[in-house]
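Each structure below is given as structure tokens.
One chain, chain A, links the two complexes that follow: it is found with chain B in the first and with chain C in the second.
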Partner chain A sequence: MFPFLKIMVRNLIQGPATDPYPFAPAHTPAKFRGCAVHDPEKCILCGICRHVCAPGAIQLRPSEDGSGMQFALWHNSCVFCGMCAHYCPTGALKMSTNWKLAHLGEERFDNAIANFIPFGQCAECGKRIQPRPRAITDRLGADNPDRFLLCPECKRTSVARLATEERRSHTQETV
Partner chain B sequence: MLKFMSKLAPRSPWIYRINAGSCNGCDVEMATAALIPRYDVERLGCKYCGSPRHADVVLISGPLTMRVRDRVLRVYDEIPHPKVTVGIGVCPVSGGCFRESYSVEADISRYIPLDVIVPGCPPRPQAIIDGIVKAVDVLRNRIEEGVCSRS
Partner chain C sequence: MSTTPSTYTLPVGPMHVALEEPMYFNIQVEGETVRSVDLAAGHVHRGMEALAMNRNYFQNVTLTERVCSLCSNSHPATYCMAVENLSGLFVPERARYLRVIADEVKRVASHLFNVGIMAHLVGFDSLFMHVMEVREIMQDAKEGVYGNRMNLGQCVIGGCRTDIDADTAAFLRGQLEQLKPQLDEIHGVYERDPLIRARTQGIGLLSQEEAIRHGVVGPVARASGVVYDIRAKAPYAVYPDLDFEVQSDTRGDVHSRALLRLREAAESVRIIEQCLDMIPDGPIAVSGMVTVPPGESVARTEAPRGEVVYYLRSDGSDTPQRLKWRVPTYMNWEALQVMMSGCQVADIPLIVNSIDPCISCTER
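After this line comes the complex of A and B, so read on.
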């Protein structure tokens, strides 16, 4: 008898099933893939993000004076696949949980990340090289931190110098 | 009387969907945003209508393939002024994954002015509701000023 009473009482206790957004904040899962965020401090300009970006949302353009590169990511082209964050060797690109990206049509080109990343400098000759932030020196340059900060030519010279010195000491020992 | 009506009109915008060659992902999200009680866009006074002649807000998804271009434009021209266009997903604004493809006419704003853009692939239902709220604001301004979207 009165089977609806059970449902009515249950619904009265539980409240409405409707998600209250936009009148109350919406629940976002912790692993939700929203728009990408870029940390210019960690970026080493390797370009793997641009390579794996399927819709071509990421661009790396050299600046006019040649002092660095302009990193640009257009959210209106990004499909949130997260490949750039997956392949980024230093964790400079990450996917945030931000999905509130709706905007007016006039602001379409403002909805982007634009960061300038300056090149690094060779510790010996001062030539421009890829940036060497802490994020990459701690991992790849851990074995030989001094040589990791050199440009390719200085690195070759330093390796050759080291080899000659070793050889000289070796011959001196044998003599 | 007209002033009174124009005050009431943006309180119940009727929504019309156009699929301009979309992969159906955004269409599914649009359907969920409107139809199921969980995200219920009808709380905002919106209603999906079947005829473009009744619509105020147009939701366009898809990169406007060449195959549907003329049909989309014909349907779009049937919608009476003032109309507000909402681009759902990244396809209408940039082409997304189909960018620079031979059969794709994105950017859609070469043909249809996009008033509100909801990026995502597909966007969340809540993001679509966000875009509809923005579109209703645009519609309110447009009714007050009495301007057409394509002039």
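After this line comes the complex of A and C, so read on.
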């Protein structure tokens, strides 16, 4: 007659199904998408995180003395989609499992990541280029480590030099 | 509207009807009986289509995911399909399986939510609590596999983001095993419980002719004998390779819609298990960033509430020139006028809930 009675009695015996948080830790899965963390050592200022960030929580602002960029990510604007971490080519941005983000109202603008990332220098002419941290040169610049450390102009020169050298040797061989 | 002395206008809403989403009804009642229904929409218009035209293709994946919480995978999946159709991208097979798994996980959770709310509206709150607790099994599965209880963040243009490895596959299977007996049990309760039956059987009737006339979609159509499911009619992703049955009914009342949703949830569990069995190895997304050529494209999928259609027009820039979507509730809520005519005032929330309205999708 009342098919639910059995379930109700079972649920009564089982007791509460909720976690006793905050008196005991709440379960957090390893894959949980919590607040973003930024590693300035790996950041190459490519800006893809800002490009894919729908709520505009990420800002890259040149520093006043022009020696680098200020990276900012406001946790209160962030929607925890993790697109920045997904598209980050170097793994500088990651989503942590931290979800404990409660804070006072006056701290709302301070609840952010603020990292200064200095520019790199061209290995040949010393011109300002995007940062080339060691962690990145090993991965992204693996094909041509020397050229990876050059500014676009020096890179072009070096490629052109290489191409002409190749042709010269090629001509010598065929003649 | 002219009122005779025997009828008067009863405003229902904009808050409180069924799902605590704003929807306003101007209802003409005669005593306790509803004579006519007038819908007024627009309370949660957020201008999302305009927002989409101000964001690039990548940002729109996140934006469309936030159109609606219960079908939050259907929107980005359909949007990504529209972009992929336009740019001629082929999604890797593994990613297509992963998308189906994400879709079906969301479907189970969405249907259980709706059916649970129905118990709440009947006044059977202990059953409502029980259904929501069973739904927690699926919520935990989402959190454990994708990292969030509602917004899975699974789809990106050209594939998926979260792979299901051996650990998470085993975890997901474990959750499904827990869920299956519970779903059967809940179906039995909804089918036989005298309280549920007394309040929902024969209420909110929608005949097959009316269903076709109003072009209703999703479980509302299928419960009225219109066997229309995009997964079977115009299969996408890996649905052609899967063995599943499109659920249907002919009674077309509130009760049959709830039972149909429960049967669909059970069918979704079967689909997820098949996908976990059949999923091939391989990449889960195409590599590199996509460029979208000028042109137009359309994609459609079966969301928990019915057919979702996305239309995309691109001018070749990194931002859509126009992105438009049509959601199932838009088709279904017009049919409320048929379902509610002649019903009792006390049944209004039940009937509204039975179309599983998503106002935030519809008004976006």
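Criterion: the second predicted complex is superposed on the first by the 147 of 175 C-alpha atoms of A that agree within 3 Å, B and C clash if a C-alpha of one lies under 4 Å from a C-alpha of the other, contacts with A are read in each partner's own complex, and residues count from 1 in each chain.
Simple rule for what comes next: a residue touches a chain if its C-beta (ideal position, glycine included) is under 8 Å from a C-beta of that chain, and two chains touch if they have at least 3 such contacts.
Quick caveat, the model's predicted, so the values are computed rather than measured.
Per the contact definition in the header, classify A:Phe80: touching chain B only (first), chain C only (second), both, or neither.
A:Phe80: touches chain B and chain C.
After the superposition on A, what does A:Leu104 contact: first (chain B), second (chain C), both or neither?
first
State whether A:Met95 touches chain B only (first), chain C only (second), both chains, or neither.
After superposition on chain A, A:Met95 lies in contact with chain C alone.
Applying the document's definition of touch, where does A:Ala17 land relative to chain B and chain C: first, second, both, or neither?
After superposition on chain A, A:Ala17 lies in contact with both partners, chain B and chain C.
Just chain B (first), just chain C (second), both, or neither: which does A:Ala26 touch?
A:Ala26 contacts chain B only, not chain C.
Touching A:Phe4, do we find chain B (first), chain C (second), both, or neither?
So A:Phe4 only meets chain C here.
Of the two partner chains, chain B (first) and chain C (second), which one does A:Ala54 touch, if any: first, second, both, or neither?
Both: A:Ala54 reaches chain B and chain C.
Residue overlap on chain A between the chain B contact set and the chain C contact set?
Shared contact residues on chain A: 17, 54-55, 79-81.
Can you list the residues on chain A that touch chain C in the complex?
Residue list for chain A touching chain C: 1-4, 7-8, 11, 17, 29, 31-33, 51-55, 79-83, 86-87, 95.
Quick check: in the complex, which residue numbers of chain A touch chain B?
My answer: residues 17-19, 21-22, 26, 35, 54-57, 74-81, 99-105, 108, 111.
Could you please specify the touching residues of chain B with respect to chain A in the complex?
Going by the criterion above, the answer is residues 37-40, 43, 85, 87, 90, 93-97, 99-100, 109, 113-121, 123-124, 126-131, 133-134, 138.
List the residues on chain C that touch chain A in their complex, please.
It comes out as residues 55-56, 58-63, 65-66, 124, 126-127, 129-130, 133, 136, 143-148, 151, 153, 156, 161-162, 168, 185, 188-189, 192-194, 289.
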